[in-house]
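Each of the next two complexes has chain A plus one other chain: chain B in the first, chain C in the second.
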Partner chain A sequence: MSLVNYATREITCKIVYYGPGRSGKTTNLHYIYGQVPGDRKGQMVSLATQTDRTLFFDFLPIDLGTISGFTTRFQLYTVPGQVYYQTTRKLVLQGADGVVFVADSQARQLEENIESMQDLHANLAEQGVDARTMPLVIQYNKQDLPSEMVTSVVELDEALNFRGVPSFAADALHGPGVFETLRGISEQVLRRLSTGSQGR
Partner chain B sequence: MVGAGNRLATAAARAVAESPGAVYNPLFIYGGSGLGKTHLLTATAHLLATTDPDAEIVALTLDEFSEQFQAAVSAGEPQAFTGRLAQTDLLLIDDIQFLTGRREMQAELLRHLTRMQEQGRQIVCASDRSPADIADVDERLIQQLAGGLVVDISAPEYEARVAVLRGACTERGVVVPAGALESIARKSVLSVRELLSALNEWIARQTLGGDRTPTGRTPMRGTASVARVTRATPLGITPVSLTPSSVTPAASTPVPGNAPAAPRSGEFLSFLSDVASAVQLHVESWQVRLRETIAYWSAQGYRTGVLERALSLPTDPDVPALVSVYVEAVEHLRALEAAAVSVDRTLAGQSIFRDPEQLEAAEDLVERALAGEMPPGGPTPAFTRESFDEGASNQLAVHAGDAVIASPGTRYNPLFITGGSGLGKTHLVHAIGNAIADASDGRLLVSCVHAQVLVDELIAAIQQGTVERWRSRYRLADVLIVDDVQFLAGKERTQDEFFFVFNSLIEAGKQIILSSDRSVSEIPELAERLRSRFEGGLTAVILPPDRPLREKLVARFLAALGRPSTPELLDVVCDLPVQSVRELIGIVNRLAAAADARGCPLDAALARAELGFGASSSATMAPAAAAEAAGDRTFLDRERVIWDWPDVGARLIEEMR
Partner chain C sequence: MIRHSVMVGWADAPVKRYVDDARLQLSVLMHPSGQVLAQHGFQRKLDVQTACALSAAINATAVQLGLLIDGAPFTDLHYAGTLRQLYLAQIPIATGTLVLLSVFDEESSLGIVQLYLDELRSTLATTAPAEQPDSPPALAEDFERELNTNLAALFGRG
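What follows is the complex of A and B.
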């Protein structure tokens, strides 16, 4: 996938929400879906089990209209977090322009967060992508839970954010931090327009 | 908002909307990005629609105009598109600067605009630059666009900026403290878009800081309360800064209840505004403009190396000037190619006409083509004398060739090489040509053509009335090699012309080398005067390769494929009654493919199995070898020889029947 197509004057950003199971990736998309005006969003495709676990992936296309002569679209994807959906995760990750890593702030989920982050890097490496060059932001979700249940942002940063990428505390269920995260990854991805690493 | 920067443009647009087609036709509005050109176009359309509800108004960007026209053409209904425009009272075209380089679109637009103007239909165009500054556009179209009124829109002055900000706040229902908007308006901004972005930023900062307006209202409807700040929000979320090291931890407090928060519709708009600012910032960089140009010209088939190198420059080059020079070079190349093709159709599409960096070489090529000073092409470099193996079957031809290489034009002139198909005639004549060129350090001009090319070029020259140039080209050669001259059979005019070329070269002491798959006497419908001349030098025959030559060749072909050649393997392959070198190459390739498919080494056992030999190759090959020695060709025909005899039982049953 190309971020910017100069021939057709289109900018298409594929952003993948990655993270362990039940960390709130789909919740992020649901919140965004609820905020985007009807004429700007496409059908949100969500393949979930009866218990609302993502079975394959969620997909939310957003049309941002024509900006500086470029038809600009965002495509938001989530991956299934469960360990056994490895193949689907790789598939969805292909051609991503940016990744939002949604971490579950609950203290008992720290190990799953670390494993999922390692899984992300392994899958990027397998696809020949240098993780250091891939735009990435981290969202620490569920920070609204009682403090005794959650790992602090500093601790999470120490455990997960070894690259020092932008990180955001969030409560995806209610909205705080969701758009800030999306704005953060968008800035990173769009910055590549001028570096041209994705240009065609 | 009307200010000093857009007053003239607004007045002109209003006049146009009030009496379309009567004044300022076309009206051309230009100005930097984000200054409200599109807004003004839309307002013009709106005003006309209000005053005259029956008016036909079409508002398109240039890309949309192009897409709709192409769609109409694809649907086979270009007239429908033309008809629709003919009914239009007001046509508004935005972003018309993207006409650059789109020749077909320019011609189409010129046609439509001319017709609309003749019919008194109003046209309004908007661009980020003046008509004269739009590069690579037909001069007639530029004149057409600039023929009405050209007005610019400049950045809004302070008062207009304050008015824009107040309007935006009113529209969004945002109340700001006194003096805040004036403070934002004092910032140095170049466009309305930047101004609104600054307002958004200010509102976001105020909101994130938890400040409330003096009236107690929420500063902006539904703005997110979490972002990159370093203190706790009312919700108890611990915000995080961009740099993890600067994070200040704060105790999280639970959210009361778990009900979903109320929708905050401003979030998306704020996000959209930020994305628009980011895209605008990056899209308008000089590198992006350069990439756009590269994408366009690459798609047209031109090399863009010079532009690509400019991308890696550390500082902003003068992109418009660079692109302008590039486009001029491309136009020059097009003109050169047209000139070259007018004298020689074979020059069409040559890569030299697609590379602006080879402009001088292209000019030189065309100059020589026009002067008839371009001899036909040289021999293929891949065929070298060193790679041509000598054996008893081709000894005469090789030695004659070596003599010609040693002193071209003096011995064996012409040298006529004949032999069956696939025996290496083409390789040898090209090799002789290359060796002569090398030996003379390029002083001797060696031309090498296939006889069919000779015929085709003459036909083209006759069509274009450039036969004299055709003759001149061939007479320029110091060594002329014509491969497969049997193709001259029955081509009377070519034979006539070639006769004169032949005589001219021989008289001038130039070397001629010919090849044919049959002897001169066997070429039908060949003029007697040519026949005698072809036989006037030396005719050297190449025969099918004998056993030692086959061994040499097979070993060479195996080595080229990176396969070892053992004596046993060479025995198996070279025992085959092969009639041509080409056939031998085919066999070696077949064996290599079989070895790959079976995953085993290419050895004698594989060769026997693949080539259908029995248990003992020597036993089965004996008749062939004997037949070859005896000159009995019957046994050399694989269709007539049974290589794999049935077993004894089957043969007995056959005998007893």
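What follows is the complex of A and C.
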């Protein structure tokens, strides 16, 4: 649910990084947090377990600057990827304006990626959201690993990207693909605001 | 359901009056998804967003915990700190339920907060729009150039 305040010329959008456990959702936010200047970001909050796995969510607010005369802010969230945190994922997904699906490119994780994508669609449907209208981009993370360990982008696209949404190869730990992914979802979310579509 | 909520300031004045009457330090009215609707007391807008995200999480957890233990959501939560107290409350309006975070110190008390909170609930029940207005386009269609410039600047690529 994007909030548009015409009086103060402000727009706030919620973007959720979704995907299986250990795919690199939190790593994406850490990289963004490290790159964005201090006056353009809030505190990064991580509600994590003692072993650093996301328990509830990570949260990072960033100030995108002025677009079409509106001060534009993005609230970036991650969900916990582990299967047993289903309730939490639903709560964090509530009111999302866009989703970044972070897939783990390791060949042995393909099944987890597919299950997580199905879980995303099921949770959106449960909230009355037509998944086909939800702005979505897919990031194939860990493409920096040795080629014998990873599934190629083409194969991952075949397995996961049945909507044909923008997809990005990435190495979130070191940065390649992180910026492109954020730009991709930003464009989609803001495009809806430029057309006034409700997307229900 | 995804909507672009157009803020028309219906919440600003009632929340400001509530803050003054209940002698609060901070108060934020938000959508349960963590989007801020009105706030008084925070200096930095990015801090407001963080407070909303965490408050929404507490509220969501309390609702689920209440359902698990009591069969009904826990709607209001109170934390009594030594220096500051926190009160997290749900506010029903025609289109759903909002969440209100209130922070106060020895200048106020739980009783005063609850008293004026009831008043705020009544006010918002009448001032909140019954239906979301249709969202007109917010951004110009050629927004991409500004988006790309801003993102590049944000990532030190400008």
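Methods note: the second predicted complex is superposed on the first by the 189 of 200 C-alpha atoms of A that agree within 3 Å, B and C clash if a C-alpha of one lies under 4 Å from a C-alpha of the other, contacts with A are read in each partner's own complex, and residues count from 1 in each chain.
As a working rule, contacts are C-beta pairs under 8 Å (C-beta built on N, C-alpha and C of every residue); 3 or more make two chains touch, one makes a residue touch a chain.
No experiment lies behind these values; they were computed from the predicted model shown.
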Combined model on chain A: chain C and chain B, fit or clash: clash
Which superposed partner A:Gly42 touches (first chain B, second chain C, both, neither): second
First, second, both or neither for A:Arg73, with chain B first and chain C second: second
First (chain B), second (chain C), both or neither touched by A:Thr12: second
Partner chain(s) touched by A:Ser167 [first = chain B, second = chain C, both, neither]: first
First (chain B), second (chain C), both or neither touched by A:Gln143: first
First (chain B), second (chain C), both or neither touched by A:Pro61: second
Touching partner for A:Leu120 - first (chain B), second (chain C), both, neither: neither
Touched partner set for A:Leu91, first chain B, second chain C, both or neither: second
Which superposed partner A:Gly177 touches (first chain B, second chain C, both, neither): first
Part of chain B, among the options 241-249, 277-285, 367-375 or 439-447, whose backbone runs into chain C after overlay: 277-285
Common interface positions of chain A, toward chain B and toward chain C: 4-7, 11, 35-37, 40, 64, 66-68, 70, 72, 179, 182-183, 186-187, 190-191, 193-194, 196, 199-200
In the complex with chain B, residue positions of chain A that touch it: 4-7, 9, 11, 32, 34-37, 40, 64, 66-70, 72, 140, 143-147, 150, 152-154, 157, 161, 164, 166-171, 173-180, 182-184, 186-187, 190-191, 193-194, 196, 199-200
Sites on chain B touched by chain A in the complex: 33, 61, 63, 95, 98, 224-228, 233, 235-240, 242-245, 247, 249, 251-255, 258, 260-261, 263-265, 267-268, 270-272, 274-276, 278-285, 287-288, 291-292, 294-296, 299, 311
Chain C residues within the chain A interface of the complex: 1-9, 31-37, 44-47, 49-50, 53-54, 57, 60-61, 64, 134-141, 143-144, 146-151, 153-157
Contact footprint of chain C on chain A as seen in their complex: 1-7, 11-12, 14, 35-37, 40-43, 45, 47, 56-57, 59, 61-68, 70, 72-73, 75, 77, 87, 91, 94-97, 127-129, 133-134, 179, 182-183, 186-187, 190-196, 198-200
